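Same chain, two partners: chain A is paired with chain B first, then with chain C.
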Partner chain A sequence: MTNSQFRMSAAEAEQPPVVIATGDIDLANVNEFQDVLTSAAADSDAITVDLSDVTYCDSAAVRALFAVAATTKLGLIVPATGTIMTLLTISGLDRVATVTTRD
Partner chain B sequence: MTNVPGADTRGPAPLRIRLPAIPASLAVIRAHLRSWLPTAAVNGSTAAELLLAVGEAASNAVEHAVRGAVGNVELEITARATDTGLALTVKDNGRWHARPSARGQRGHGSRLMRALVDTVTITPTPQGTTVEMHKELHP
Partner chain C sequence: MHRILERMQSDLLDALGLAITVHDKRDDEQPSVLAALGVGADFADAQLSGTGGPVPDALAYQVPVLSLDLWTDDRWPELTLATMRERAPEHESTWEQVHGAAAVPGVWADDATVVVCCTLSQPASASTVASLITYEQLVSAALITTAAENASAIADIITVLQSRGAIEQAKGALMGLVRCDAEHAWKMLRRASQEFNVKLRELAVALVEHISGAPAEQPDTGTPITPDERTREAARLMWAALSEAPLAQ
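Let's turn to the complex of A and B:
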């Protein structure tokens, strides 16, 4: 089954795979998010996760991202303002991932 | 119609939701809050912060319910306007919180909640845990 809420973009040459997440991420679907992250990380020593279009996420998503950051170089694309930045700084995820903000 | 003492006709009707403490309830809670917060004149970034603060508290309760494998755990979410802002509560009737050592996850969650709202009071009892939060809107 394809999951359009979490998907890997087509790989570009020399670039790490990009996982694009959209919508709300919580305990109900965080395992699917984790699975997509894990399979993206399996093929590469670095991945980028684009959270620009995530409308809600909490500690559940942060834990999934910490788990993938333990074995893979993690880049995050996040909205410049909003609660995702708060989540990253409070959890310390911003210290283990490379964070790029998008307006 | 007569005026009820203490009632503020400009204020929003309080919100009260009771749901089973399961992951699928979290989206239902957000849907309720997303429609209730604008009735309290809360929008944009403040609404997003409150959604996360309540979501985090509810998520903690659901996780403990799942891990505790205890049936029939309920969540009760309330939101109401106060003189200076909003009061939000997340209450569960799970009984596994009796041991303080089992509350490690709440340490991280409560730090986040404290960054999002002005006061957070977490009261664990043998009957469950109540998280009370207050957000100042008219300081």
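Let's turn to the complex of A and C:
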């Protein structure tokens, strides 16, 4: 499944599938985001979600990430500083997902 | 609401406490616990009256909040086992079992939010949050339905919760005076507040202060309720009428 904003790269040797998100994730497109996450997690016991190029994300995205983390081992790639990191810390999502920061 | 909590409890086997907290900002009210099971009410009240915790954070930031181990969580240094022991010593053995917690917020009307929170004997997981998300939708739907049926019902419930202490005291006093049960005492309070056209919570505070001659018990959070002269007069009349003819009711 691909679209302009949420891309998924298939699992490669020993590596879980990666979902790359860009732009804003909010109520308007969170269902799409959730669908991509669900299909990425369907055939794998782990996925990585790259949020490095996400400009805005809110509660809706955090819910979607918690939902996918409930069934799959979740890895997150996020900017080291900024609102996304703050959101992960406030919500405690950083305690159940493996967070890798990128400068 | 209680039925929803009971279903949650059968779903979350590790739950030591569950609470539904509502915050209706339209009336400038403080958040209050709408329904709870186990240690849920004590735990939510503590968080709202200063220790901080998943419930106020979920309300403030409108994101789900998860904790693996509450007492050691660096986000809420004041929320500790010692604090909870002191606040609610009757649950001491439960507090010692507490590990994780999760809270999920929702919005059910303009400026009106709700948080569903659970306290667990195990670390909370993403599944805990996922399951609370489902129940939050159920709770919000129930609140929306209730609000649609009776716009003032929810506001009533919230304001009543604000003054729970005083209302309980007033009910107790009435039960003693008229020798009736709690339900009957509650109806008398309601009727009197309607007849005198004063707010029930203010009447309860006025009644307690009239009987005891001392300030009524009020929660630490929020603005203390100060009944006006008309309400105090209503309380005096109500008490006098009931004292003269305790069997008339």
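To be clear about the criterion, the second predicted complex is superposed on the first by the 100 of 103 C-alpha atoms of A that agree within 3 Å, B and C clash if a C-alpha of one lies under 4 Å from a C-alpha of the other, contacts with A are read in each partner's own complex, and residues count from 1 in each chain.
By our rule, contacts are C-beta pairs under 8 Å (C-beta built on N, C-alpha and C of every residue); 3 or more make two chains touch, one makes a residue touch a chain.
Everything numeric here is computed off the predicted structure, so don't read it as measured data.
Peer 1: In the superposition on chain A, see if there is space for chain B and chain C together, and answer fit or clash.
Peer 2: clash
Peer 1: If you stack the two complexes on chain A, which partner ends up touching A:Leu87: first (chain B), second (chain C), both, or neither?
Peer 2: Both chain B and chain C are touched by A:Leu87.
Peer 1: Just checking: does A:Ile77 make contact with chain B only, chain C only, both, or neither of them? Give me first, second, both or neither.
Peer 2: Neither partner.
Peer 1: Determine, under the contact definition given at the top, whether A:Val36 touches first (chain B), second (chain C), both, or neither.
Peer 2: Neither chain B nor chain C is touched by A:Val36.
Peer 1: State whether A:Asp26 touches chain B only (first), chain C only (second), both chains, or neither.
Peer 2: After superposition on chain A, A:Asp26 lies in contact with chain B alone.
Peer 1: Please work out whether A:Ala69 is in contact with chain B alone, chain C alone, both, or neither, and reply first, second, both or neither.
Peer 2: A:Ala69 sits against chain C, while chain B stays out of touch.
Peer 1: Examine A:Val18 and indicate which partner it touches, taking first as chain B and second as chain C; both and neither are also allowed.
Peer 2: In the superposed model, A:Val18 contacts neither chain B nor chain C.
Peer 1: If we overlay the two complexes on their shared chain A, which of chain B and chain C does A:Leu51 touch? Say first, second, both or neither.
Peer 2: Touch partners of A:Leu51: none, neither chain B nor chain C.
Peer 1: Decide which partner touches more residues of chain A, taking chain B and chain C as the two options.
Peer 2: More residues of chain A are touched by C.
Peer 1: Output the chain A positions appearing in both contact lists, the one against chain B and the one against chain C.
Peer 2: Common to the two interfaces on chain A: residues 58-59, 87, 90-91.
Peer 1: Show me the residue ranges of chain C that touch chain A in the complex, using the header's touch definition.
Peer 2: Chain C residues touching chain A: 54, 57, 61-68, 75, 105, 124-127, 129-131, 133.
Peer 1: What residues on chain A touch chain B, complex-wise?
Peer 2: Residues of chain A touching chain B: 24, 26-28, 56, 58-60, 81-83, 86-87, 90-91.
Peer 1: What residues on chain B touch chain A, complex-wise?
Peer 2: 23-24, 26-27, 30, 45, 48-49, 51-52, 55-56, 59, 62-63, 108-109, 111-112, 115-116
Peer 1: What part of chain A is in contact with chain C in the complex they form?
Peer 2: Touching chain C from chain A are residues 58-59, 62-63, 66-71, 74, 87, 89-93, 95-97.
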